[in-house]
Structure formats: C-alpha cells, structure tokens
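After this come two complexes, each holding chain A, first together with chain B and then together with chain C.
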Partner chain A sequence: MAVFARLISSRFMRSVLRTAVPLVVVLVAVMVVGAVMAPDGRGATYRLLVNFLITVVIVVALQMFTGNSGIVSWGHAAFVGIGAYSTAWFSVPMVIKEDIFPGLPAWMMGAEWGLVPCLLVSTAIGALAAAVVGLAICRMKETAMAMSTLGLLVIAHGIYSNWEGWTRGTEGVYALPTNTTIYIACGFACLAVLLAVMFKYSRVGLRLQASREDPLSAESTGVSVVRARYFAWVASAAMSALAGSLWAQFNLAFGPAQFYYAQVFAILSMLVIGGLATVSGALVGAGITTVIFEVLRGVENEGNLFGIEVPQISGLAQMILALITLLILIFRPNGLLAWWELDGWIVKARDRFWKGGRKLAPDAGEKGGE
Partner chain B sequence: MSEERPLLRLDGVTSGYGPIVAVRDASLEVRSGEIVALLGANGAGKSTLLMTVAGLVRPTAGNIELDGSRIDGLKPEEIVRRGVALTPEGRGIFSHLTVADNLRIGAAVRKDRAQIATDAEEMCTLFPILGERRRQLAGTLSGGEQQMLALARSLMSRPRLMLLDEPSLGLAPRIVAQIFEMLRKLPERGVTVLLVEQNVSLALDIAQRGYVMASSELQLSGTAAELRSAVDLEQVYLGSAGDAPEPAATGGR
Partner chain C sequence: MTDFLQQVLNGISLGSTYALLALGLAIVFSIIGLVNFAHGELITACGYVMFAGYSVGLPWFVYAGIGIVGTVITALLMERLAFRPVRNASPLTMMLTSLGVSIMIAAAFETFVSPRVKAVPAPDWISSAVHIGGLRIQAEHILTIGVTAVAVLLLLLLLKKTTIGVAMRAAAEDFNAVRLMGIKANAVIVTAFAISGFLAGLAAVLILARRSAVNPHMGIFLGINAFVANVIGGLGNLWGALAGGFVLGFVEVALRAWLPVNLSGFTTGFVFLFVAIALVIRPGGLFSPKVAERV
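Here is the complex of A and B:
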C-alpha cells in the first residue's frame, strides 16, 4: 500500500492521472451508453460502440509512435492484421481450421484458445514482428522511415493475400469465437490510453518527442534517437496487434482487404483530425471520425440523412473524410487539440470562464511564432 | 604552449558531408579552463568542426582526443557522456516541450535522478526567467530566453567542454551582453569553452586564444590580443584570405 501511495503521489503519476482520467471517463461513458441501450449485446448501436472502443486502441497505438516521434507510419494496419490472423490461428475450431488453414502445424491445429491467451499470443507475435523489421526501419532517416512503413504495409498485404495455407488468401477467414464484449473493449481502450499517456510522460517518451522537435539537437544532447524510436515502434506495434486480436474476436470474419489503404487512411485521418501530439487528440479524432462516417454511411447506403431522404452517393464517406482531413491540415495543421491534452484544455476553459477575460493558465500559454 | 595535456585536441581532422569537404586538416588544442574562440566567415566550416567533435559528423581523417583518449567515431551520446556538450546554432530547443522538459532532456545521459532535479533548480537560479517560465512551451520564449534555455540544457549534462555555436545569433545587443557575461564565468564552474562566433570583438573579449578559419582550413591562431591586432582579420571575414572563398550562407557550415 505504501508503495502504491508513493507512486500516486509522485509527480509523474499525478500528471499521468490528470491526463488519463478525463479520457477514461469518456470511454466508460461510451461503455455505459452501450450497455444500457443494448443489454443483450446485439444491434447496430452496440456494434458501433464496441468497434469505436477497439478503434480507440488502434489510434492510440499509432499515436504512441507517430505522435511522439513525428514520423508517419503507414504500416500499422499490418500489425493489426498480424493480431487478427494470429488470433484466428489459435481460436478457430479445429474442424474448420483443417479446412481453411491446411498449412498450420499439428499443435496449432488443436488450439482453441479463449480471449486472454489469444490476446497474449497476438500481442507477442506483433511485438516480435515489429522488433525484427524495426531493426532496419528505425535506423533510417525520417522520410525513408515513413516510406518503408508503406512498403511494410504492401508486403504484409501480399502475405495475407497469398499465404493460402495460413491465411486462406483473399477468400478470408471465418468462424472466430465472439469473445470481445463492450466491457472488455472498454477495459482495453482505457488500458491503451493509460499506457500511451504513461509513455508520453516517461523518459523515453520525452526523448522521442525531443527528436520529433529537432533530431540533430536531440542527438547532440545525448539522446539515442534510434533507441527511443525502436522502443516506441515495438510498443506501438504490440498494442496494434492487441487491437487486431480484440477486433477479430468481435467481427468474427475478415480478409486481407481489412488491413489495407482504406483502413490506414481512416486511422491516420483520425489522428490528424484530433491532433497527432496528444493521446486526447487520438480519442477525439476517433470519436469525430466515427460519427461522421456513421452519418455518411446512412447517406451512402440508404439515402438517409437524419431521417431526411437524400440521393445515394457511393464512396461519399471516404471522400468527405478525405476532404475534412485536408481542411484540418490546411487550417489547423496540428489537429483540433494541437499541443494540449484534454486536461490542459479544461484548465484553459475554466480559467477563461472564471476570469472572464482571455487570460490563460500559467501552464496553458499559446504557442508562439513557429 | 604549455606541457600539460590539452582537454581537447584535434590532429589533422578532415570532415564533411559525402563528397563535400567542410573541414580540411584541422589541428587545434583547447586547454582546461580556457575559452577559445573559433572565428571565420559564413561557410568556413566552423559549425562542421563543432559537429565533428560532438560526433554528429564523422571525420574522414585525423584524430580527436578528449583528455588524452580518442573520441572520434564514438556515438554522440557517448561523447556527451564523456563531458562534451554542443549548443547548436539556432539553439535547437524543443519548441513544443516545456522549459522544464527541455532541461530534463539535457540530462539524458545522466542517471543520478536526485542530483538532476537539484541541477535543474540551479539552472533556474542561474537564469531566473527559465524558473518563471518552466511550465511554458519552450517555443513561446523570446530569442534571448531560448538561447539561455539552450545553454542551461547543455549545462544539465554537466559538461567539461562546451561547444557553443553562435550564441549571439539574432539577439539584441543587451541580451548578447548578458549572455556573454554568463559565458565568461563558465570556466569558474569548471567548464571549458570552444566558441564559434561571428561577432569577433565580443568573442575576443571573453576568449584567451582563438583560431581563424577560412575555406575549410584553420589559417591563423594566436592569443586574443594578437588576433585583435591582426591586420587581415577583416579580410578573413570578407572571404579574401582563402583561395576559394565560399559565398556567405545562412547555414554557417
């Protein structure tokens, strides 16, 4: 208990909690809405909310790497895919597995694991894959690194589409067990947020952010930029794989097309809209994008906008999302939340409200000229 | 020159970027407790020389010794650990991190947590403005404050040798005077200084010795007084001392 009390009272944990608690409250609120509206765990709303919570894990995982390092990764969907396929290997019933995964070795064929072992093994495989490719990728210059993550995405897609014996190629995988409930999704979304905030405020996280601001200066200060990037790369890929496993155990069937450009673009858009630099931005971006997508999908599929009949336009959701991302990049290039976490904004708003004027909190000053 | 071992010694160092040679056959010494000025026009290779010492640019020939042991070829973080801190040109502060976090990163190679906190406190006494603004994003500081932050961040690694690249760049004269007053006192703290500076008279005010660089080579060396009276010093700056003067560039490499 004493150790726990000391941890809570440390400055590090205080700032972690200050940032993470408002975000956890939002996530729990989403969960409560879902649990109340669909106590039987069925229906479109329930599905939407659970998928949103899983998306939060994916976006937060990407934020850990891209937000702190400033290097865009186009390849994280590959790790979500690794998590999903790994889960399928260890959870699909044996009778079906013999049919769809003829290449699996005997010991894997017999595995019909539950939620937790599947999550663990998926995370481990994702981390291992990232640890191997990261050895090369993390030594590159910033632009080369971003480019090679794109290569990684294409390679992974090639493997998922063609490694018939293990992935069933483009035909896709089915018959996964439904293990992810809204409570589990929410629990992991909260855990992801907590870990990402802890990472951001940790020594490694801070060094990685320094390298984002000025890599040469960070290095001359004694920061090992490569090591910081590698650590974040592996951690964030592991979290992506975990999300992939959660997702697979909720959506039950998938194919290689689910881990490709459209998904990468959607995830990156969420991060750009909310703001790369903050965990709160990842959450806000995921929320806004999910709502926009849902509304537009109504237009796209049913010609229905808030109950009003409108012409059906296919591809509308993607186009509008791309447009919004562009507008954000033009008018608010650091995203809606820019450099402050939600708690910083709350402090700012409170000060503005009480003091009436435009006076800012001492630790919430606007950024000066670039 | 005295018999004692110099703190920093460069012997025939050649360095540059790919096919471009920016420093050719440079040999110089900095003794413990000195402030040594490295003067020269833009593009003479001064910044590259500092970056080579700091390990950010690899020399293609020659030796660099710190207190008698070779440091060329080591990683930048290892060189920082051995007591060399570079304050880069343009300050290189981390704009979107707080002042306090900038200072913490300055201590990246140190492990003594308690002492790091004490040192950060000390920096805030040394530069009171940093104490006042510790929670602000470093990018919101004025140019002079940013330069102070850059110096404080370098001091956080507890260096024996500080490599300063143009600390007066773009600052108002009053601020520059304040910063140079602080630099003058660095040897009292046990910090030796190799100072790259465009402002010759300011640099020679606080330095005991100096070197003049032109067209990638060290052309002249002497005490501050000798350099001050050297007739052709201005010509060095106009770029006529070398055979192939490079056009003035803002990069200063």
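Here is the complex of A and C:
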C-alpha cells in the first residue's frame, strides 16, 4: 500500500494522471452515450461510437511512434491487418475455416477462441513481426525509414492479397464472432491512452522526443536513438495489432483493401489534425475526423448539403478530409492542440475565464518544440 | 540470350520513365528538402488534360503537348498554393502536406471526372516494331529512350550553362548563400517545380503511350516508385536519382520476367524488399558519396 501511495504521488505518475484522466473521462462519456442510446448493442450510432473507440486505439498507437519520434510510419495499417488476420485464424468457426483458409495447419484449424486469447495472440504476432522488421528499419536514416515503412505497407498488402491459403486473397475473410462490445472497446481505448501517456513521460519516451527535435544532439548526449525508436516501434505496432483484433471482432468481415493507402492517410490525417505531439491530439483528431466522415457519408447518401444539390459521388469524403488536413498543416502546422495536452488547455481556459485572459500558468503544460 | 537482351531493352525503357520521374523529384528535394508525394499526381493531371484534349478531337501530338504544359502549370500551382506556405516548416509537415495534396488531387479527379478508367489513345505507330535478330524493338522503346536522353541533356545544359541553373545547383549546397548573391529564392524554387513538372509531363506522355488509359489513382504508385528510385540513389542526388530510376526499372522487369507465375502477385513486394535490403546495407543510398553530416 505504501509503495502504491508512493508511486501515485511520484512526479511521473502525477504528470501521467493529470494528462490521462481528462482523456479517460471523454472516452467513458462516449461509452455512456453509446450504452444509453443503444442498450441492446445495435444501430448505426452504436456502431459509430464503437468504431470511434477502436480508431482511438489505432491513432494513439501511431502517435506513440510517429508523435514521439517525428518519423512518419505508413506501416501501421499493416500491423492492424496482422492483428485482424491473426484473429480470424484463431476465431472463425472450424466449418467455415476449412473452406476459406485451406492452408492453416491442423491445430489452428480447430481453434475457436474467445475475445481474450485472440487479443493476446494477435498482439503477440504483431509485436513479433514488428520486432523482426524493426531490426532493419530502426537502423536507417529518417527519410529512408519512412520509405521502408511504406515498403512494409506494400509488401503486407501483397501478402494479404496473394497468400490464398491463409488470407483468402482479395475475396476477404468473413464469419468472425462478435466479441467486441462498447465496454471492451472503451476499456482498451482508455488503456491505450494511459500507456501512450506513460510512454510519453517515460525515460525512453523523453529520449525519443529529444531525437525528434535533433537526432544528432540527442545522440551526442548519450541517447541511443536506435534503441528508443526500436522500443517505440515494437510497442506501437503491438498496440496497432491489438486494435486490429478488436476491429475484426466488431466488423466481422474484411479484406486486404481495408489495410492500405486510404486507411493510412485517414489515420495520419487524424494525427495531423489533432496534433502529432500529444496523445490528446490523437483523440481529438480521431473525433473530428469521425464526425466529418459521418456528415459526408450522410451527404453522399442524401445527395444534399444544406439544401444545395450535390451529385452522388464517391471520393468526396477523402477530398474534404485531405483539404482540411492541408488547411491545418498550412495554418496550424502543429495541429489543433499543438504542444499542450487536454489538461493544459483546460487550465488555459480556466485561467482565461477566472482571471480575464491572463497568460497561461507556467507549469500548466509542457512546452515542447523549439 | 535474345530473351535476356529483350528484357534489358525493356528494363532501359521502363527505367527511363522512372528516371525522368525521379529526377523531377530529386530537383525539388535537393533545393527545399521536400519529399513530394504528389509528384505522381502530376502524371494523373497530365493524363486528364490529355483526355480532355482527346475528347474535343485534337490529334495526339497536340494533346500530348497540351498535357505537358498542363503538368507544368499543375506543378506551379502546387508550389504556390500548398508548398509555399509550409516552406519553412519541418520536413515532416512538408511530407504530410504533399501527401494531402496527392490524396486531394486523386479524390478530385475521382469526384469531378469519374472513378473509372478513361481512354487516352496513342497513335498506332507507337506500338509498331522492327525485328533485329529476334529482338523486338518497338517505336515506343525508341521514343522513351530518345526523349529521356534529350531531356537529361537539356537539363544538364540548363544546370551548367544558365545563371538560374547554376543558382539551383548552388541552392542544393547552401540556399542562403545563393540568396546573398542576389538571386530570388522564389525564382529558384519556381524553376525547380517547373522543371519537375516538365519532366513528369514527359514521363506521363510516355507512360500513357504505353497504357492508353488514365484513372484517378494511377499516379500514386508511380510517384512512390520515383521516391523509391531516389532512395536507391541517395535522396537529393540527381545522378543517383537517374541511376536509381534505371536500377528500379531493371529490377522490376527482371522480377516480372523471371519470377515464378505463382509468385507474380508479389512483384511489387519483392521490389520493395530489394530496396529495403539495399538500404540496410547502405543506409544513405547506393550511389551516395560518403560525406559526413555537417552539424
């Protein structure tokens, strides 16, 4: 008990809790809305909210790597895919599996596992894949690294589309059991946020952020940039695979096209809109993007935007998302939240409200950057 | 042997197109440090301009010419509207901006023209061929290789003999010094984008002569290939980009010709795997000179 009390009152845990608690509150509020509006777990709103919570896990996982290291990863969608396919291998009923995955070995053929074993095995496979790939990728220079993650995405897509016996190629997979509920999605979203915040304030996280600002000076003060990047790479890939598993157990059918260029751009946009440097930014970006997509989907279906007739079109949502991302990049290059986590903004707003716009209290947020 | 020579010819031809694309990308990168992911969309843009020209009944030479002019204009618009505002931001921001531009252009063509393939027919003589000792040489091969050679020569002349060319080479070393010599930064950057658009336009005409059709997403992976060629050669190094384009062309042709049929779906994957292995061995690119980084 005393150890626990000391941990809670340590500077590290105080920072972590101060940042994570507002985010967890937001996530739980989303869950409550979903649970109240759809107690039977059906309906479009319920689906939207659960998918939002799973998206938060995906974006937060990417933030752990890209946000702290400053290196764009195109490859995380590949890990989401690994999580989804591994889940399918271990959870689809045997009768269907014999039909769609003829290549599986006998012991996997018989596996009809539940939620937790599937999550564990998917995370493990994702982490393993990242650990192997990362040995090569994390040693490269920044631009080469970004390119290699792009290569990873293309290679993974090639495997998903052509490895017939294990992935059913481009026809895709179906018949997964529905195991992810809004409570489970929310639980893991909160866990992801907590882990990402802990990572951000941890030693290795701080080292990685130092390398983001200037790899050479970080290296010169004794930081092993490669090791920090490798740790973040494996951790965030494992989290992506976990998200993929959750996603697969909610959406039940998927194909290789679900883990490719368009998805990568959507995830990166969410991160950019909210702000790369913060975990809160990942959450805010995911929220805003989800709303935009939902409104635009309505427009596309109804063919009607505020009374103006719009022809039925398919690329509209992507175009608007790209436009918003560009505007944010041009006018607010650090994202909506910039360097402050949500708690910093709350303090800022409170100060402005009570003290009539006096400037931010010095300890209210950690100013990164320059 | 003939089969091998035939594949070498195909490799040179495909490699030339990649080299044109890679050079355009490298010129921009060497000057402002932007990895332009929207470079491939210049090809798409050229394709749609050509499609428009074809639809109103113009002959091939005319709409190919208009296509190249349109590509240069698109490149200049990209620079003015998207890249100039983020010019001084971090490389990450610039890369993401170009990604956004890329997605937006592709989605705009999908939305406002059609998600489907549109025909841009090439004249018949392009696919005519002569046979020399079992070797089949198509007019398209000769055109591709000839156009690339001329374009590279012109670029070389521009870079060596004109003031703006010298300024561009100097800007790749030290942009501020160039500005102190009284050269306008915008002039250098705009010229770089114009050249990159021109080279992309040439490449697009050659690619479309082969494919005879344009779709909204054709540019993305061509642009990525140009990027890959640059990484192979060492980013920002013009000769490296040229060589990287040819290496990539040869690797792709070789894999396509000699990979077993049941693995043919993995061709792109193998290309990337090859590049990744090359990068592990030489992280700075295959043709980069060994220079220590200045701090």
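We take it that the second predicted complex is superposed on the first by the 353 of 370 C-alpha atoms of A that agree within 3 Å, B and C clash if a C-alpha of one lies under 4 Å from a C-alpha of the other, contacts with A are read in each partner's own complex, and residues count from 1 in each chain.
Note that in this section a contact is a pair of C-beta atoms (placed from the backbone, for glycine too) under 8 Å apart; a residue touches a chain by one contact, two chains touch by 3 or more.
In this text, all values refer to a predicted model and were calculated from it rather than measured experimentally.
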item: Chain B versus chain C as contact partner of A:318, first or second or both or neither; value: second
item: Contacts of A:252 with chain B and chain C, given as first, second, both or neither; value: neither
item: First (chain B), second (chain C), both or neither touched by A:162; value: second
item: First (chain B), second (chain C), both or neither touched by A:329; value: second
item: If touched residues of chain A are counted for chain B and for chain C, the larger one; value: C
item: First, second, both or neither for A:35, with chain B first and chain C second; value: neither
item: A:48 touches, of chain B and chain C: first, second, both or neither?; value: neither
item: Which of chain B and chain C A:224 touches, first, second, both or neither; value: first
item: Partner chain in contact with A:295 - chain B first, chain C second, else both or neither; value: neither
item: Which superposed partner A:111 touches (first chain B, second chain C, both, neither); value: neither
item: Doubly contacted residues of chain A, that is, touched by chain B and again by chain C; value: 216
item: Complex contacts: residues of chain C adjacent to chain A; value: 35, 82, 85-86, 89-93, 95-97, 99-101, 103-104, 106-111, 115, 216, 220, 224, 227-228, 231, 235, 265-266, 268-269, 272-273, 275-276, 279-280, 283-285, 293, 295
item: Residues of chain A touching chain C in the complex; value: 70-72, 136-137, 139-144, 146-148, 150-152, 154-155, 158-159, 161-162, 216, 261, 265, 268-269, 272, 276, 313-316, 318-319, 321-323, 325-326, 329-331, 333
item: Residues of chain A defined as touching chain B within the complex; value: 203, 206-207, 209-210, 212-214, 216-224, 277, 339, 362-363, 365-370
item: Interface residues, chain B side, partner chain A - complex; value: 51, 54, 56, 75-77, 80-81, 85-86, 88, 92-98, 101-102, 104-106, 108-109, 135-137, 139-141, 153-154, 157
